[in-house]
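Pasting a structure here, questions to come.
Read from first to last, the chains carry the letters A, B, C and D; within each, the first residue is number 1.
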């Protein structure tokens, strides 16, 4: 075990995978300078010359090239500098990468990872803070992976690189520098397997990305109220580990689904609806969703502080659920 | 009242709005030839010369131009030939049209209608059959309108054209030729107001687009089983008329949410989660969702017939709900 | 490859195969056996055939919505192609793709595509793959004149040039973009003239002349294989049918169509040249056509007798995961 | 407008205002009052000022992520601009936009934009609006050299040309695209050379020379106003600061930066020319700079004393509807 930051964990996984498999390469804007915008591609240009492509500003072209390279048997790791820019390449992601295997009756493989730095970081307002996990959940053929810890990030990234199918890899900018213990050497974490980050009996908090840590902190504080909270981290939103989530909710009878993205038609809506459908008889309280309000991300710090959900929101929702 | 087809109703509304307001114009691919792909723009070129722009194949450019024209006070009606092609213009829709008003602190107005022929029509497979309502629901600043009858289509289209904010106007290709009574002359239907298409006491079917008609037919058949079904048509998915839906569910205690799109992270998930949250105490059975499986649309008629939900699915779900 | 009687005969045979395949597919549509729509390639055969005759099996080809010809010219099975149009389980894509998605990955024909201009990026990507693997495979992207307006054209060709990738961009300029004459929506006549923006050679050729296509494609393919980078070829052509099935074609006169058919049918032109040069006898010609017709007939039988895909096929080929999504 | 001492003085004054505004904003960032990031326009002022000096208030301008200069040159209030960077309720956008979204719709300055290349389509759209309304308003689109690689450039300019719209596309070629030198990712040197693809005039100019910008922009604006269609102008320039705050600039030498600053500062160049021509005395020069500094100081006070937006502002300006989404 080694303590490292979230971005370092991904960088380590990327180095190891490039070492292991010659078909892995990196493509994106500004990836070879300054270690890339988030230092995730630091050292790649030196260690693997000729396997990193710094591109013009052309997201549709970049992702399109990734699709073709992947179909030809390579394993591109595509970096979009901000998740928000995936809007410039949605045909490539949704109509090409995601559907190619199906449309060709299983002939095509598109083993591509698209790295998506998302959520709020520095205050950069509406066009640089989006999350949009639910868009990609809704697209069959895509895998949607959202690690919350450095250890998960490393193991999931490796699995993503080795997957025969496209992976939308969500990296919350806010937790790039958060640290954690990371196993050394090679290990993988299956895509589609949730992780019970804390066991408890009274209520289930299903938490996505940075909400995992906030929920764990909330759980500690809720101990004082005598509540024993279970925290489930889906880790991948598609495929979604329905079994683990439902098992937990059947046990506790209460569920709170938390993400940083806005709730309306967001990832939490799918999870909440699924719980409502599968665990109806076991529910002692309505499934609650926690997330941002349905507004574009504002710029001013005074507005932003009302947008992103914090652990206090988790505590409040658990209390409401317990009181119901 | 006059009997007319769905596409004729939109065409009529478009003609009347162009007559009424000089700032309305049409832009899109092949819109001025053959009456446009769905005959919705038939006669516009003759009646309003100079106010219809047939473009190169350049969806990002087209929607971008729409955004600018709208900000300059025009009211563009943008046609995307197939909803699927909106993937080529997502930055323009999501980061520009939707957010401009907010980002500029209320200075910008983007009064643009984007017409989205969607769903399955002829068998054209995965890249020509998508629906994706939930993507746009998830984007603050957009209105998502889904008419199910010719009369609603006309009234909602007029409201959409007059709205100061962008409207994603979903036109299910399958019902373009379906007929209905349409009031003559000028009338509008507010965006954000659901319509109870049939009153009933035993269960609420919330049905989107073509599922409305199928649900009404299912409701007639369910009378034989002694079930009295209420059918609620949201008509707009964003803003969503939470009050009307919840009022119905509180009355009946049962809810089935039906759309043609795939359920996973789809529009039905938001509605189901919302009902679960707001009507928990009144629910006698889990909220069920009906929609497509999570697969790209296949080509073969033998596969397609297993994809699109029909009235039999509604009947089955209602029966399950009543039995719970 | 230099032009020989054998090459000509192979091309001529393939052109007939494509022509008769499509005419039969059209007929099968009227019978209700082929569903969806067809974008007929009739009239443009010299381009696919001329280009693909310069390729190896391991060279990559990506197509468009109008790709029956690209697929067949790359060597795809006529049986499987017909079965795909029927929506049968034995089709190139198991019935999941249909006319707009025909593909044969065993031949590195990576598919038709329903989105205009969507193949240009991916073809640049297959070329990047070849470069990374140090193979000398060449990638070919076919696309229409309409596609040249899309941003993907601009973005992808720029990177193809930047990294000197082994790719040939082949624009089939049939002068229409669905129902709109190119002259109504384009600001320059020749797509090849855009090559300067990307610092690559651009050349405009007569797409009805298989020999010219063959020559020019040969040079471009050789150049790419030598690692000297992309070429943009515009092949001037004309489609003999409407844009897709049911097209009323009010946007052009039947006179115009007839003139192209009688003066510029690429099959007739090649046949005449070969006969002039003494490379084809009337008898051989008859045999070639009969042979192609027989293959097409067999393909229809194959398609008719093939099984349908079933519910069990519906959720396969989405990803390697079972769906696992509730 | 022809070049006069008055025009020069106005331009010179505006350039100082922009320069000092940004230097102060940078300082306020270090104090923690300005948050987020800043894309400094320092070094490129001659372009915004030269172009906007040819415009009427009702002409449209759309900008980029680097648009402090575009906004101020179009006439935006320096107070409101500073307040926006502070995130205050009195900012141009009520604190909702910040540096990347400054805008003043009362001046038809329709906003900076955080997405590279995203303004080119919308500016073509404002030009279409003017054409439809039969006004003679001109639309100006500023964008970087990096943006010229985006598909939006290709698609929008093509339609601007097709419909002969009154728009001028102004590329600010500062030779870098974030941290990457243009020469590493571009295949042709001058963005203006792409104009041929769109059948419009393309001209490359020295963007450090306000007078050259003024002249050439004047012609392009006049041409657009006469209904003769778009022009593509490439203005060669250089940014004196890093791409955005905190940029370590390992990708260029400080020598290079210093050379540009000492030889090609657009403000120094214009000042020197004016003095040579006897259009500016040292005293006037001093006054102009003092006046600009005083305005900036006042703007900071305004921003400091302004109220914050509150929770009540959070959900306004999304649409005209109340949210109504649960």
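To be clear about the criterion, a contact is a pair of C-beta atoms (placed from the backbone, for glycine too) under 8 Å apart; a residue touches a chain by one contact, two chains touch by 3 or more.
Small disclaimer: the values here were computed from a predicted structure and weren't measured.
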item	value
Over-half contact-pair match to B-D, picked out of the listed pairs B-C, A-D or A-C	A-C
Longest centre-to-centre distance from subunit B, chain (CA-based)	D
Computed distance of Cα centres, subunit B from subunit A, in Å	30
Computed distance of Cα centres, subunit D from subunit C, in Å	46
Centroid distance [mean C-alpha coordinates] between subunit C and subunit B, Å	36
Per-residue overlap in subunit B, given as positions that touch at least 2 other chains	55-56, 58, 60-61, 84-85, 88, 91, 95, 102-103, 125-127, 140-141, 238, 264, 274, 277-278, 294-296, 298
Junction residues of subunit D - those touching two or more other chains	93, 95-97, 101, 113-115, 149-152, 154-155, 158, 162, 185-186, 318, 323, 325-326
Residue ranges of subunit B in contact with subunit D within the complex	23, 25, 50-51, 53, 55-56, 58, 60-74, 76, 91-92, 95-96, 100-108, 140-141, 143, 163-165, 191-192, 238-242, 274, 277-278
Complex interface listing, subunit D residues touching subunit C	149-155, 158, 161-162, 185-188, 193-194, 196-200
Parts of subunit A lying in touch with subunit B, wherever the complex brings them together	60, 84-88, 90-91, 93-95, 98-99, 102-103, 125-127, 132, 134-135, 137-138, 140-141, 238, 262, 264-270, 272-274, 276-278, 280, 283, 285-289, 294-296, 298, 324
Contact set on subunit C toward subunit B in their complex	35-37, 84, 87-88, 93, 95-98, 100-101, 113-117, 146-147, 149-151, 177-180, 184-186, 248, 250-251, 308-311, 313-315, 318, 323, 325-326
Sites on subunit B touched by subunit C in the complex	29-30, 33-34, 54-58, 60-61, 84-85, 88, 122-128, 263-264, 293-296, 298-303, 306-307
